[in-house]
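Take a look at these structures.
Each of the next two complexes has chain A plus one other chain: chain B in the first, chain C in the second.
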Partner chain A sequence: MADGAVAFRDELFSAGLLIETGVDGLYGRSQIFESVVEAIDRLATLAGAHHRATVVRFPPIMPRAVFEQTDYLRSFPDLTGSIHTFRGDDREHARLLARLDRGEDWTASLTPAAAVLCSAACHPLYPTITGRLPAGGRVFDVYGYCFRHEPATDPTRMIAFRMREFVHVGDPDDAEEHRDQWITRATDLMAGLGLAVEAVVANDPFFGRLGTMLANNQRDEALKYEIVTPIAGERPTAIVSCNLHRDHFGGPFEIETADGAVAHSACVGFGVERIALALLRTHGLDPDHWPAAVTGRLWP
Partner chain B sequence: MDDQIRHVLAEHARLAVDVGDVGDDADLYQAGMTSHASVNVMLALEDAFDIEFPEHMLRKRTFESVANIRTALQELRNGSG
Partner chain C sequence: MADGAVAFRDELFSAGLLIETGVDGLYGRSQIFESVVEAIDRLATLAGAHHRATVVRFPPIMPRAVFEQTDYLRSFPDLTGSIHTFRGDDREHARLLARLDRGEDWTASLTPAAAVLCSAACHPLYPTITGRLPAGGRVFDVYGYCFRHEPATDPTRMIAFRMREFVHVGDPDDAEEHRDQWITRATDLMAGLGLAVEAVVANDPFFGRLGTMLANNQRDEALKYEIVTPIAGERPTAIVSCNLHRDHFGGPFEIETADGAVAHSACVGFGVERIALALLRTHGLDPDHWPAAVTGRLWP
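Up next is the complex of A and B:
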């Protein structure tokens, strides 16, 4: 029932929780919506406090060269966001404006900038940790806006959304343990907010026929788990993902374990807007009327 | 057929060892082929043999060894894929 998702989005607009922009997947957020997001962020901070993670924050754009190294273009060309800008002279500027006035495609006057939009909050991290890791590896806490071009009327599928992550980089066994422990920890955390959650083996939406193979491989090896909950779509929506990257980032970004082997990485990623939407769907659009057990955890 | 398979592997599998040293049943992933490389192998096999792997064959297992690739290609040629 895709209509259920549209109806839910209309409710969110009417309540002023999300603010319409005219583009599917791109919304403003109200003060109440943001207060829920901030509470989820705090909850994630507490749940990951034992990591004593290194906190790093990057802007939602990253170097084009880094993006190319992540191999994202091979797997998800249809989700990418590349930044282009105007670098012409007065004449070319006049041509751009003429195209604009005629309702034509003015973007033909633009050329690629040195940056692209971040597809994942952790992508800008990897080139900053090239080299040898200490024994036991390291854990990083990253948070930021991501762009994925999959416009939809389902409000849980945004093209610009935030992802809060704890990324472990180190030995293969430690990376896997990080992923596995977060499957349990994050499931418990979400269940504690009164959400009906389940951890399931999942795959990323890889592109095309090649994507079918990558997705099958990812499932066969159970590299990705999603914590899903019914929100408004036909099927349950992923609100947290727990991913084992193996050497997908350690290899290209030349990150080494203390022993000099290629480092493996794993992450837990909280889709903070989706968790907020799951709470609003489950407990109602007014957080003041949510069960005390839920608000007690979000706003202790 | 085996020569052609091995030629494709030499070009696209990015093995850590010489493809001539890889046995028919040896695990190509263990020999250094990545998931992405296996996708390139798949595409090159489709070009070389003028076939198209159906969705259910787009799995790691299909491209795991020279023997598995041969079995898959034979199935497709016999129309049983």
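Up next is the complex of A and C:
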């Protein structure tokens, strides 16, 4: 129930684990909350160590031109975060301030910047992959803040959150295998933390009338799996997703396999804040009192 | 010279330390670059351990209402990053996509979101400080991504960068002492990393005609000190700043000292990417070959 989610958020505020900002979906994080997030990040590092992945970190914003090359605006316009800035002179600045002082919308003075908010941790990665891939493809380790404009009182639905990913880019079969292996591996990893998890076929929240068709298609082809666990919402919440992109990124960003074919890609994404919230909901708000089997894995 | 900065950026790209995105000021970071940043972060933690600060982490975006309460739009409109999103229906979505397909500005379909990009790591903090401060005030430890729209080819001038801060909030004298102590402490800390540093009175890049007056005023009152070091630009680059805010935040956010007076604040901010770049410029692009005295401090 939505009420359960609101009550859980209030508990998190009261315990000081999340810090209220006045905007739904936007919260400060306490030291304890962050230490849980860091532990989950370390656990993901260990679980993916065999990949010997190339570690790359991107800021929370990405080039507008790259964003336009993904089909994000087609599929999820409502989640988009476009960045706008002021390029005017003193006179236009005076106008902006007059609007601000009158409590009016001052953004009319702004123009689009060359960057937008990161829609997914892996989106900035694809255009940076240049030259043919080696045989067997490559695995990248990315981690960063994502923005999704879906303000909600459910604390698991944040507008700014972090996603830790292992992205495979290579042949179609290898990409699919990467995705499939991570369904099992991540399910085991989350179950090992005492979470009641299940891997289910899922779909992204495609926008509008056309979106229903895209979502059905994604489900029919079983491209996206989510590892879900009950947190505080009406239905179980996705804490990890395992996605087969096919040539969705390899195509537009012209990524080539060793054979010169269009590369396929797949990723596993750990929603670190959601995993932290699942742990806090399942084991209680004080990690000092979590089961030894759980803390032993998080803080070995 | 600007050319020196461009050449340095090219070296960083070639060495794979920074990753080109096509947007000036926006770069990916390699594992080595991040390990230097993490080491600087740890060093700052140790240097500020005596504060027993309250650790809080905020996402890279902050409430629009809070942003409007700071005077950032008055002083630095050109650095601002306002976030806009799509709230239309299928029909408006079709219009957006038509504009996108024609290569036109598609942002006309967007409306301002309830959040903007973080202008400084400490800005989201102030409104969360509620109730009277204890005697002696409080110190907060914040760290996060900041956005400043000042695209430049000099790699030290990023539009998305991280700032690690210790913020004191309390009596005027304590705030000033916090600032003054950090001028010395941070200068010593940076000198200990083999950087040729100097603490200088500085000013923020206030916008426009009025800005010149504000900048002069800030310098006359010696509110802002910067620890500068030669990196690749024409002039030395600020890598740490030590700021006395007076009641600049305590006033609008109604922060009260133990006596019920308006709280003063001060902060030290470590520009972690700039410190990393200063180290790479001074000691070479391969941390494996940095002087033992430097690596001994960074990776003890």
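Basically, the second predicted complex is superposed on the first by the 298 of 300 C-alpha atoms of A that agree within 3 Å, B and C clash if a C-alpha of one lies under 4 Å from a C-alpha of the other, contacts with A are read in each partner's own complex, and residues count from 1 in each chain.
One rule holds for everything that comes next: contacts are C-beta pairs under 8 Å (C-beta built on N, C-alpha and C of every residue); 3 or more make two chains touch, one makes a residue touch a chain.
Everything numeric here is computed off the predicted structure, so don't read it as measured data.
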{"item": "Touched partner set for A:270, first chain B, second chain C, both or neither", "value": "neither"}
{"item": "Chain B versus chain C as contact partner of A:62, first or second or both or neither", "value": "second"}
{"item": "Touching partner for A:96 - first (chain B), second (chain C), both, neither", "value": "second"}
{"item": "Contacts of A:74 with chain B and chain C, given as first, second, both or neither", "value": "both"}
{"item": "Contacts of A:213 with chain B and chain C, given as first, second, both or neither", "value": "first"}
{"item": "Residue contacts on chain A - larger count, chain B or chain C", "value": "C"}
{"item": "Residues of chain A contacting chain B in one complex and chain C in the other", "value": "74, 209-210"}
{"item": "Contact footprint of chain B on chain A as seen in their complex", "value": "71, 74, 209-210, 212-214, 216-217, 220-221"}
{"item": "Complex interface listing, chain B residues touching chain A", "value": "35-36, 38-39, 42-43, 55, 58-61"}
{"item": "List of chain C residues in touch with chain A within their complex", "value": "19-23, 26-31, 34, 54-66, 68, 73-74, 77-90, 93, 96-97, 100, 105-107, 109-110, 112-115, 117, 124-125, 127-128, 145, 147, 149, 151, 158-161, 207-210"}
